[in-house]
Each structure stands twice: as structure tokens, then as C-alpha cells.
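Note sheet for the following structure.
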Amino acid sequence: MDEFTPPSLEASGVVPPEAAKSMSGLAMMRAIIEGRLPPPPMAATLEFAVELAEEGRVVFVGRPSFRHYNPFGVAHGGYAGALLDSCMTCAVQSTLEPGFGTTTLEYKVSMVRPMTEKTGIVRAEGKTLYVGKRSGTAEGRIIDAAGRLLAHGTTTCLIFSV
Amino acid sequence: MDEFTPPSLEASGVVPPEAAKSMSGLAMMRAIIEGRLPPPPMAATLEFAVELAEEGRVVFVGRPSFRHYNPFGVAHGGYAGALLDSCMTCAVQSTLEPGFGTTTLEYKVSMVRPMTEKTGIVRAEGKTLYVGKRSGTAEGRIIDAAGRLLAHGTTTCLIFSV
Amino acid sequence: MDEFTPPSLEASGVVPPEAAKSMSGLAMMRAIIEGRLPPPPMAATLEFAVELAEEGRVVFVGRPSFRHYNPFGVAHGGYAGALLDSCMTCAVQSTLEPGFGTTTLEYKVSMVRPMTEKTGIVRAEGKTLYVGKRSGTAEGRIIDAAGRLLAHGTTTCLIFSV
Amino acid sequence: MDEFTPPSLEASGVVPPEAAKSMSGLAMMRAIIEGRLPPPPMAATLEFAVELAEEGRVVFVGRPSFRHYNPFGVAHGGYAGALLDSCMTCAVQSTLEPGFGTTTLEYKVSMVRPMTEKTGIVRAEGKTLYVGKRSGTAEGRIIDAAGRLLAHGTTTCLIFSV
């Protein structure tokens, strides 16, 4: 995928609580990818989308543009943070059985190269590092189409029964 | 200020490079507050605004809403990250003389209470902890109108000559 | 206290599990301060000690010396990390009732000024930022006798029943 | 190497400033490995040693023991922090030409499994993620002899001319 159509705010929404309780994390993500559940509003607002979900590995895609700029004409650090938080927390979530949920306790983001509208499509890949009964950790990387590292991060998630 | 009108994307923009070179960090932020320079596009996209800037202390204001939601009906972690990165990096920038610039090397965000559209106005306050010749650090906190802590973070910024 | 005698490895030890279960976090720390429970071995190895414990605030004291040096003749980053992890996790622990325990999920350390044997006594003060049922966060600062900031950090702790 | 003899404090020392200026980062580390330069005092104090250095990848070895324990009978978080800070900052340093130095601005440590004297030999491997002119980042992992992940981290280093 070298282009992508970001979700619209109108088509976005939250996951019904019943679905959140009855589905595994991976099933929920695949339902969003396949359009059976709506993408979240923040994905519409920041124009990104989940592209791939496996157990312990989730990839998001986006395209930095003017709407993400900080005062200096490059993507705001919050853009990298949103992509990384998405892919890292979803990586943890993708390992959870039905009846379990997760929430981000903290994440850290390192920005190593600027993103602008010339950057083109970027992908944010999250992978679990550890998943236990009560907490999990993951790492994430944002790369451009040429595979250059643009930003990276780690997260700590709480895991709980729902 | 208990309500605020977020900037529009059309009225937003980047700071002209000449202005970025000739102004102190504090002068630049005050010019944005007073409308002499445009707010950044990301502030329009995520609906937040800089409210106050002093040397070493900068406050942003926002209002969590549907557009910031993750799949579970609370503000995405990227929302807290964008607010905290803004106020923390600006706190470092607010200490810089003309001719110096700063960029975020990394930031860490801890989310301690969920934000929803019922949360109302939130403020993100950044304060410098250390500013040297080549790097600076700051901390930030997001609180609601009652002063309850919702999220907090720290950042490391690179400082350089422009 | 402008000098302090670090604990010896021989006098150090771990807290008996029965004590850990029956005491509040604050009672345990005060027992260590008052010598009714042994200081931990790591405090002997790195020559630091807990000095003060209140609910949500704990102070450690140490003195950087040759034994803490990295190859460049300043205290290794692990020294600041050990002091900050101690004071921050203990700050969270100091809020816990008997029957609850805490463990550090992660901590971040920023080193802003070097520490050497000329630095003299340093204090590491940890304060809770948030304590909930399943997790807590705290911040910490290392300062010298003149109050200059040398390093700072934050932590995320898991809270659980013992 | 399934056992190792930690350096003694008496044999440890700092790198002479002339050597630090004239050697590449990798040459300096190899000189420590080969005994032509002394190991740092902190390695003696915490009983760890650098084992392998390549450009962008450095491995330390240690053995958790009673001397590293916190009050609860497991290795203090500062132990993981010291090993990770060592291998991550050295990974950045290993890429530097003579005339350049680096210092840790910050590091973050996630502890995912406890370490005790039963854990045996552990290795901390640091790898660079990005190295630029003024800053670099690296990640690190501590694993046991069976390859199980015990702790992980990331760092941000400042790079400067010496």
C-alpha cells in the first residue's frame, strides 16, 4: 500500500462495550481492519489507520501532512506519539484473550528524523516485548517507505479483566 | 477561561524562518498568543491552544472530545502526548535567546486518569527542570478545572544555534 | 545531616516476608530508618540510605565517590538510577496499607549535571504523583547540599495484594 | 562464558583524558576488554564487565547476587539500570570517531522479570537505533543464559567534540 485513504470522522466510532468484552484483542483489531467495527475517531482526526494485526505485532499507516505541523513546519511530536502509542498498545492488546483488556500506563517516544509532507507514507510497527498477567511492554518504530527510522518508542500497559 | 475557541486549520500556519531566527522563544510564543503569528496546524487539528507563556513555564488549554477518542471511548494516549510535548518543549524554548532553537529528542507520557468529553477544559503546564547550552529538560502536567491530575510527563530537548 | 555512614553489607538484609505482609509501606520504611529492620544490600553496595519517609514522600541520602565512577571519572548513570528508583518506588510504597505491595514496572532517569566525589552529600527525594488501585506513579529529584538539581526521573509502579 | 570474574575495585580506574581524546569509542572499549585500560570502578562495585564491542553493539555480563538485592530479595531496579545504561551508552560510543564523546542525557528501564542469585549469568546487549551529529539513541536488553528477557530499555545520548 503506497497510498491510503484515511477514515472519515463521520464513519469513525468507538467499539460497543459488548464487543470489547466478547472478542479477543486480535479479533477486535481485525474487525476494524475489515470494516466490521468502526475505526476510532482519533484515527480520522490524525489520518492514520491500522493496516495489519498479528499476535504481538500490529502495524499502522499514515501520511504526515500540513495538518500535523508544529510551528517549525515539521510534524508535531504528538503525531509520532499517537502513531507509536497506537501500534504499541495494540501489540499488547493483540495477545489478549476475550475477557481481558489493556490500557497504556506510559509511553516514551524518541524522534530521530523530522517528518514532513515530503516524507510520504509512514508505517508504525509495534511489537510486544513482554506480556504477563498484570502488565505488558512493547516497542514501536516509525519508518518511511525506504525503511529509514523516523521515530521509536516503548510502552508499559496494564492488563486487567473486563 | 472556562471555554475556548480552538484555532481553525485555515488560520493556522508555520512561523516564517526569519521570525524564528530573530525572535526569542518567549517572544515567539507571545506573538502566537496575541495573534501576530499563526497557531500551528496541529493545534487546529487537535483543538488546543497556547494560553500563557513565561520564561520556563508555558500553559496550553484544550477540551477532550469525540474527535480524540480511541476505540474504548476515552481520549487516545496521543492526545495527552501532544499536549504534554507542546507545553514541555515550549517551556524549554521560552528560555532561549534569539539565535537559538530547540527540538524534542524524546518525551515520556504517563496517563493516570481517563479524559472524555465530560472532562471539560484541561490545561497542560510545562516547566523547565534544567536548561544548559546543548540540552534542556522539562516536566509537564495535564489537570482538569478542579486541579485533578490526568496525565504527566517529562522531555529531553536538544538546544542549538539557528 | 551533612555526613552519613553508609550501611555495611554484613548488616544489610532483606525484609522477612511476614513483616512485608503485615506492615504498611510507611511502617516498613520507618523500621529500616530506625534500625528495626535491616537496610537492603544494594544500599550497602552503593553506599546510600533512606533518611526520611512520609506518606507519599521519601528521601534517600548518598555520597558520590570513586566507587561509582564510569570510565570518564563521573558517577555512572546507574548511580542516579539506583537513587531515583529507590526514592520513587518507596514514595509509592509509603502510601500502601498492610496487605499491598508494589514493584517498579519502569523508571526513566535524566542526568542534568555530573556527580563526582567533589559533589558531596546528595539527596534523592521521591514524591507520588498518582496512586490508584493497580498502579502508581512518582517523580524524583537528586539535589546537592546547595539545592542544585543533578538528576531527575519518573516511575510507574504496579500495585498488588500480597 | 558461563562464569566471569568481576573486576576488583583496586584494579579499576578511569580512562586517562589523553586516551579518551585520541581513541575511537570502539578502540577504547576494546582496550578495556583486553586489559590495556582499566575497567571503571562502577563495574567493580556492581560486579559486571564489558564482554564484546562492535560498532553499534556492545554486550556486558554480570551475575545478580545478594549484594544487589532490594528489601524484597530481588535485584534492585538500579542493577538493571546500571547494566542497561552501560550497554546502551557504550553502543552509541562505539560508533564515534576519535575527537568525539558522548554522555547519557536520559535512559528508561523496564523490568519485566525479577533477577535473583538463582538467575545466574545475565547479559545486557545494547544496540544503536540512531546516531547523528549531535545526538544518538540506543536500545538495550538484559537476558539470562536461556535467552529469557529480564529487562529492557532505551537511551538518548548527547554527542559532542572533545
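Side notes on the structure shown:
Order as written gives the chain letters A, B, C and D; numbering starts at 1 within each chain.
The definition used in the following text is that a residue touches a chain if its C-beta (ideal position, glycine included) is under 8 Å from a C-beta of that chain, and two chains touch if they have at least 3 such contacts.
Note that the structure is a prediction, hence the values are computed from the model and not measured.
Any chain bridging chain C and chain D, meaning touching each of them, is among A, B; the list is complete.
Between the chain pairs A-B and A-D, more C-beta pairs are in contact across A-B.
Comparing the CA-atom centres of all chains against that of chain D, the greatest distance is found for B. For the pair chain B and chain D, the distance between C-alpha centroids works out to 35 Å. Centroid to centroid, with C-alpha atoms defining each point, chain A and chain D lie 32 Å apart. Chain centres here are Cα means. That of chain A falls 22 Å from that of chain B. Residue positions of chain C with contacts to 2 or more other chains are 105-106, 108, 110, 137, 156. With chains as nodes and touching pairs as edges, the resulting graph is complete, every pair of chains being joined.
On the side of chain A, the complex with chain C involves touching residues 105-106, 108, 134-135, 137, 156, 158, 160. For chain D in complex with chain C, the touching residues are 9, 14-15, 20, 28, 32, 37, 40-42, 44-46, 66-73, 75-79, 81-83, 85-86, 89, 101, 103-111.
Residues 108, 110, 112-113, 129-130, 132, 137, 139, 149, 152-154, 156 of chain A touch chain D in their complex.
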